[in-house]
Amino acid sequence: MNIIVCIKQVPDTTEVKINPQTGTLIREGVPSIMNPDDKGGLEFALQLKDKFNAHVTVITMGLPQADAILREALAMGVDRAILLTDRKLGGADTLATSNAIAGALRTLEYDLVVAGRQAIDGDTAQVGPQIAEHLDIPQVSYLEDIDFDGNKTFTLRKQTDDGYQVLQMDAPCLVTVLASAVKPRYMNMRGIVEAYQREVEVWGADRIDVAEDKIGKAGSPTSVMKAFPKSLKPAGATFEVSAEEAVDIIVEKLKERHII
Amino acid sequence: MDISQYKDIYVFVEQRDGAVQSVGLELLGKARELADRVGEKVVALILGKGISDKAQELIAAGADKVLVVDNEYLKSYLTEPYTQAVSQIILEQKPAILLLGATIIGRDLAPRLSARTNTGLTADCTQLEIGESGELLMTRPAFGGNLMATILCKNHRPQMSTVRPGVMQRIAPDVSRKGEIVNYNVNFDKAKINRVRIVEEVKECKCVADISESKILVAGGRGVGNAEGFNKLRALAQTLGGEIAASRAMVDAGIIEHCSQVGQTGKTVRPELYIACGISGAIQHLAGMEESEYIIAINRDKYAPIFSVADIGIVGDVHKIVPLLNEKIKNIKKF
Amino acid sequence: MDFGLSKTEELFLQMIREFAEKEVKPLAAEVDEDERFPLETVEKMAKIGLMGIPIPAKYGGVGGTNQMYGMAVEELSRVCGTTGVILSAHTSLCCAPILESGTEEQKMKYLPKLASGEWIGAFGLTEPNAGTDAAMQQTTAVLDGGDHYIINGSKIFITNAIYAHVYVIFAMTDKSLGNKGITAFIIEKGTPGFSIGKKEKKMGIRGSATTELIFEDCRVPKENMLGQIGKGFGIAMKTLDGGRIGIAAQALGIAQGAMDETIRYTKERKQFGRSISQFQNTQFQLAELETKVQAARMLVRSASYKKDNGIPYSVDAAMAKLFGAETAMEVTTKAVQLHGGYGYTREYPVERMMRDAKITEIYEGTSEVQKMVIAAKLLK
């Protein structure tokens, strides 16, 4: 079985702080990490490798520094790592991104494509399903658990808005995974020692199977008109008083607003 | 693509087990406002099995026309049959705008549709407006909610957007409104549909109430600590006639159900009163609650970001203050 | 030397920090309070290869550097001093002498199981009357027939003792020769005549299962002699040179952990209407302590670098341990002070860290011994 896991390098948005004066982002010192949902997906793939001796490839599209998360994936135990990087791929929205990655996947063998549900820097949850559509394969998103019959059928547990579904899906297919579904393994020591001795394949746009007008800025139907800091309403008064006084203040306000 | 051929605002109205989801009605409210600006129609799409009777409700909520696709394949949501139905409608009807709820269903369906019909999609919008030349301005939080971005889909149609539940407001239902109801015929590709099969469906949410509908929320975060701490919040919520909610930390710790989570990966709420207890106020949490009408924050850390959105902030220990507050309000309510 | 970390080391640091934070830190207070050896943590460490970092791949290790090993001990000790010393004693005091002085057969027999963490290692040199003066060994090993030694005596303060499977120990094969009469042996758990004695009740690193080893007519096959007869003292000293890097790293980790806690606490704690981090006294103290911690780190890195590159490092290791231990003691003591009354309670980890720090000035050569090593080199 061949599994391809699509991963993304993202800024750790939980570490991002806002300058309270200007309302702008403080990006300085924000670490770059493997997107958490993608790491969950990678763990599922590695579990299938452990159980069914699957061959696991990771692919990422991004800037050259995204190499770091591929090394991490190698140290976690994947067999092959591909960095898709090209200026022609820059400025892509989700549709163009999915076209580029689907273009790369067309040149590879796969039974299962795994992606994270969404990336914490964009939170769109779009690229995975869009890749599946380009490849004309079925998808199950919001995956919580996966099992394989050893032949061609996966049994999957999918989160729904009010519970879960258990589904069966035939290979080749795509899943998007929730980080909360699984605890990713740690990189192992031998993997770490070998990570930088192994090869990360660097692919350019000419290496993938997709029309040039489908990728990068040209292939993006959407564009950002403007970006602006969120308007912040002025903060109310803050009190540092005893618990009794605090309760009095709150009760007073609740009365004023006719809540009690 | 000749975009001038595309008109009207379409809303995919999600139903689950025959119940129209409130986000669909909220989107109809927004679509109504946008359609009136540009002089176009609001068209509601409702897909399912045995759901034809819901059409009138959608007209009352603002639709001029309802397209009903009633088919066995659509009984429970699955990606492929829903994508086939909606994409056929898009290709045949050429809507200018298509809005979907940013629920798990909407976020599964919308990207698949955008790829099949080769158009742009903007996720989780918090604001939708019509621009000077009639284009849709889609504003959404970016970078973990730290920035806002306004997105355009200039040369592709429909302009597609998902909107989180609780963000838009529905209009008061008008049962006297008239509208057209069309039973839409879709040609399904069975072979493709059969690639995914339902084995079992389980509804397991134990939440009694939908927190996005609640007028008063008492929410807890890391500072509340554990389930015992949460009981203090629960008591206060009960006294106030509200519900409890939580930050992601508490949900991840398994103390509170996911359906009570407020924030980027949970629900967006805008109650009349939001009491944030022991919540530091990560940007992802603020994104889900800062539109609340009145916010009271209680936290030990004076520098917690939650205070920047609070109407009143109390620097102190939730474990002391919340029970005291509960007692005091109980006493007042006795009289 | 290169003061920066290699990409491989950075990758390693990312992993070990996450591991320490998620797997080790949550147990630290309990391990201390209950004096419990965290066997489940050792199993987790084994699973990802932490028990065999500097062991070559051909002996089942990961073929990592001593630099990485030191970083591992530092990061574990940053959250739990006990866990740090478990790894240090296992790696530096048991795996290392077998790797450096063992025969090919011994290496093939012991190292794969030690490196995989299936077996835990320990080291026995200290005796009731032979501490700093290691030459005063009372334990004897007498040849019995041609193929066995009979060992009699006892060892004290042995880290990992209860849970270990393999022990590198030292005994007098010829008392008349003093230092030159000491020989090293590899003892396996379950060897007849070998038993574990009483468990110490310690001030700090309370989970590390420190006990006595007792040898009563313990018959050990001759093949278990480590190195040559009479060469045990040299093996012990060489082992302790390496061990000092481990303890220096442990001390450094404890110091860094106390810094982390204190920085957080002084930002949160308010007195006179301000967080105490806004007082210049706090700021100056933190600045001085941080400088020392960073200096200690440079000494550890420098000693590890030399060991990795085959450059003599014993004085560097002594300096790293001397300065690291003193820094750990100073930082943790001041951390408790900056925490005030709370720092004296077990609610805050600095109380434990201060107790854990003290041993780093004592074991694997007291601070005074380190000064002797350094001075001897200076005045040679």
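So that you can tell them apart, the chains are marked A, B and C in the order they are listed, and the count of residues begins at 1 in each.
Just so we're on the same page, a contact is a pair of C-beta atoms (placed from the backbone, for glycine too) under 8 Å apart; a residue touches a chain by one contact, two chains touch by 3 or more.
Because the structure is predicted, anything quoted here is derived from the model rather than measured.
Of the two interfaces, B-C and A-B, the higher number of touching C-beta pairs belongs to A-B. Central chain (C-alpha centroid nearest the global protein C-alpha centroid): A.
Taking each chain's centre as the mean of its C-alpha atoms, the one that lies farthest from the centre of chain A is C.
Chain centres here are Cα averages; for chain A and chain C they lie 40 Å apart. Between chain B and chain C, the centres computed from C-alpha atoms are 55 Å apart.
Per-chain CA centroids place chain A at a distance of 21 Å from chain B. For chain A, residues touching at least two other chains, in rising order: 240. Shared contact sites, meaning residues of chain C that touch two or more other chains, fall at 270.
Counting partner chains per residue, chain B has residues 302 touching two or more of them. Those residues of chain A whose C-beta lies close enough to touch chain B in the complex are 11, 13-14, 16, 18, 20, 25, 93-95, 98, 120-130, 132-134, 137-142, 155, 159-170, 173, 180, 220-230, 232-233, 235-244, 246-251, 253-254, 257, 259-260.
Taken together, the chain B residues at the contact with chain A in this complex read 16, 76-77, 79-80, 83, 103-105, 107-108, 110-112, 114-116, 118-124, 137, 141-156, 192, 195-205, 216, 240, 252, 259, 264-265, 272-273, 282-284, 290, 294-296, 298, 302, 305, 307-317, 320-321, 324-325, 328-329, 332-333. On chain B, the positions that touch chain C within their shared complex are 300-303.
Of all residues in chain C, those touching chain A in their complex are 6-8, 11-12, 14-15, 18-19, 47-50, 52-53, 57, 62-64, 270, 273. Listing the residues of chain C that touch chain B in their complex gives 267-268, 270, 275.
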